[in-house]
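Below is the structure I would like to discuss, written out as structure tokens.
Labels A, B, C and D are assigned to the chains in the order they are written; within every chain, residues are numbered from 1.
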Amino acid sequence: MSADQQRILARAAREVVAGQIVNLGIGLPTQLFHHLPEEMEVLVHSENGVLGCCPRAVGEAPDWDMIDSGGAYIATRPGASVFDSAMSFAMIRRSRVDLTFMGAFEVDELGNLANWKIPGKFSPGIGGAMELAQKVKRLVILCSHNDKQGNPKILKRCRLPLTAPTCVSRIITDKAVMDVTPEGLVVVDIAEGLSITELREATEAHLIVDEARLGRF
Amino acid sequence: MSADQQRILARAAREVVAGQIVNLGIGLPTQLFHHLPEEMEVLVHSENGVLGCCPRAVGEAPDWDMIDSGGAYIATRPGASVFDSAMSFAMIRRSRVDLTFMGAFEVDELGNLANWKIPGKFSPGIGGAMELAQKVKRLVILCSHNDKQGNPKILKRCRLPLTAPTCVSRIITDKAVMDVTPEGLVVVDIAEGLSITELREATEAHLIVDEARLGRF
Amino acid sequence: MTLLYQKFRPIEEAIAAIPNGASIMVGGFGSPGTPFALIDELLAQGQRDLTLIKNDANEPGVGIGKLIEAGRVSRLITSHIGLNRVAIAAMNRGELHVAMHPQGLLAEKIRSAGAGHHGFLTDIGQGTEIAHGRQEIELAGRTWGIEPALYADFALVHAERADRYGNLIYRATASNFNPLMAMAADTVIAQAYRVDEPGSLALEAIHTPCAFVSQVVEVAPATSEQGRRAHVG
Amino acid sequence: MTLLYQKFRPIEEAIAAIPNGASIMVGGFGSPGTPFALIDELLAQGQRDLTLIKNDANEPGVGIGKLIEAGRVSRLITSHIGLNRVAIAAMNRGELHVAMHPQGLLAEKIRSAGAGHHGFLTDIGQGTEIAHGRQEIELAGRTWGIEPALYADFALVHAERADRYGNLIYRATASNFNPLMAMAADTVIAQAYRVDEPGSLALEAIHTPCAFVSQVVEVAPATSEQGRRAHVG
């Protein structure tokens, strides 16, 4: 894992409040699993049908029947339960998940999210992302600020097919932490060593910055 | 219980095939419970959420959490399960109940059934009867052939609000066993000592009788 | 949603969250699964103008029968009230507005809300008065009735065992409407005969995962006839 | 429906009931809950032109991946096939028709059939391409999408334990789509690692009551990687 990804995860871990029910999307968000303190009373939901999953202890043999939605062999913590897919998504659609972290191909000023399909290139299906994005109480996006070619992923308007419209609350990238507000994207924190000008150059979306209140991470 | 009711029940018990899933409606059908041989592999469904109920053993203390839909304290036999109301009616709507016995205010030549409401007099709600009547694979009605005033209950057309249209397969009364067929009501068995003329006089519906094939019960 | 470690509460606090005019789902089919202790606390606290949603009306002097007799219920959405003559009399006098649904449709209207839907397509009741005035839709060459989902502000449910996060296990036929209502209401208050530490319940044995439960209270196992009597002898 | 005492059958007989062209729901999310033994028997018997309904396509050489590679599947209704590059390639070549649904809608389409409904009203996917062309209805001043129920001829499900009437208990995350499919298909074939006499399973622990299960077969606990591997390391 890169240093940028580590920084994103360390910052993301601060979003989690003890006592919450949290879902971790496939990819980078899944890694957050290892950044939550073991003693923290948090139940991690995975949409294949488990609430209260946690990493296996070092050296613990896999339970072949116990995976998360990313397919990793997991363990469970006290207070956990298992259930079928209908129950799992009832929980999601009834907004019983407090906080979800997801990756993104694109996010925009309205909080629109695209993370499942690149027409003509990548369309393996949407899995559970659509319902999670649309119904979770708080959706935090974890992604690189720019794609591998350096193109901005934080846009004025998403161009790819949407996962869900106006669903994102906060975006955490290697360069900034941004909140989706009625006024637009407000920069909350900016990466150590990065200037506001550099951040704006790496971003297509208009960013609202109040320097007096700006944090570093 | 009257001798007529006893005869209806004894005849009704012959309808049950070993290996079936059977539902017993409130009232007289519930009594059939006590007419099924204990060793017979039959699971009795009750719509409040149990499959495999049976009478409590003589002297067995009631389990306060274990009732049938009529409210009687019951026991369960090997192979039984308990479940919620959604599962219970899923079973009904998916026609997983092989055979249901129900009472009736009125039944008619088309197999229409009315057994839940007498406008202005009796309307406590329909309970689970509508779904059972509409979806069970085989519905057998157990009722007196005539009401307390001697009026026929086996009609050309039901006059009371229907429980379900064209749902009845067979009717067992104190006077006859009748099958609903595309041609109309065919008398299968007639009560011992009763003449066909007497049966016709007690019935509003047209009855099809093939004397050569007529049974007694 | 309540944080996990804040769910295990005294019964008075849990019920105090219910305002006048609330819609409340109440578990139970007859007596089994009826949350008698929560109902008694609601009776004691005095909330009124309630809309209750329950399979039946219990019996006179039992469960929600007490709330109806105390004049605290304006509206009852139910399947069958034949065993509560007091409720039938109140309905006939026009003091209690009663909406009746076939039992399985009532269960599914609640389950539909619990699943975050807004209704379902059914053929149940076609050809009967249940279908009169019901919205319909054409699909695949047939006509289906639309049954809207039934949501509520609160649910009062009864469980045999729980943990303090609100994971619930039901027993025997005391399950009935409880797990459905626990999903359908915005705020879910569960009573259980035993509330243990998280980790005490087998994962596969949990019927209602804690995510759906807002408050869990421990109540003494019912010892009175009222607390355990089924609706027919 | 099969009579209770006729449900416990040899695997060959159970699978032989499936004709060419059948629609078949297959349980499992990744490997857990995938009925590997039933799939292998289906592969051995040679039925073709199948429509499969499964959350995912397993992995190349695993589970339904084998049926797809053998050219036995004409159509796949699924949620996500990202872990089976062979299935993606077959889709891209036009040899495998793939219909994709959001996972929770797929689960509910199956559950809707299992409950004997014909669809449900949802707001999921509004504002996305999932809603394009979807039938809609106005209800309570809002527009809802209609998701039709998804029935099937057969379901192949995996359980941890069973009895010979077909009562089923699932384990850990091997539950997933299995209980829903067991309700939705006309004929349900269950495999279990252990099939006991009726009465061996606790009443409240049974997840799928036997009424839904047509055939139950006993299979050896999977010992190969293929039989137990999750879809990602």
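Going forward, contacts are C-beta pairs under 8 Å (C-beta built on N, C-alpha and C of every residue); 3 or more make two chains touch, one makes a residue touch a chain.
The structure displayed is predicted, hence computed values, not measured ones.
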Notebook entry, point to check: More C-beta pairs touching across which pair, B-D or A-D?
Noted result: A-D
Item checked: Furthest chain, CA centroid comparison against chain A -> B
Check: If you average the Cα atoms of chain B and of chain D to get two centres, how far apart are those centres in Å?
Finding: 36
Item checked: Centroid distance [mean C-alpha coordinates] between chain C and chain B, Å -> 29
Notebook entry, point to check: Taking each chain's centre as the mean position of its Cα atoms, how many Å separate chain C from chain D?
Noted result: 32
Item checked: Residues of chain C whose C-beta touches two or more other chains -> 108, 111, 115-117, 123, 170-172, 175, 203-204, 207
Notebook entry, point to check: Where in chain B do residues touch two or more other chains at once?
Noted result: 82-83, 86, 89, 92-93, 135
Next item on the list: Give every touching pair of chains, nothing left out.
Entry: A-C, A-D, B-C, B-D, C-D
Notebook entry, point to check: How about chain D: which of its residues touch chain A in the complex?
Noted result: 29-33, 55, 78-83, 88, 100, 102-105, 107-108, 111, 123-125, 127-130, 160, 170-180, 207, 222, 228-233
Note to self: Give the list of chain B residues in touch with chain D in this complex.
What the structure shows: 17-21, 41-43, 45, 51, 76-83, 86-87, 89-98, 135, 137
Margin query: Please output the residues of chain C touching chain A within their complex, sorted ascending.
Written below: 1, 3-6, 114-117, 163, 165, 167, 183, 197-199, 201, 203-204, 206, 209-212
Next item on the list: Spell out the residues on chain B that touch chain C in their complex, using ranges where they run on.
Entry: 46-50, 63-73, 82-86, 88-89, 92-93, 123-131, 134-135, 161-165
Next item on the list: Over in the complex, which chain C residues touch chain D? Could you list them?
Entry: 108, 111-112, 115-123, 135, 137, 139-140, 142, 144, 146, 148-149, 169-172, 175, 203-205, 207
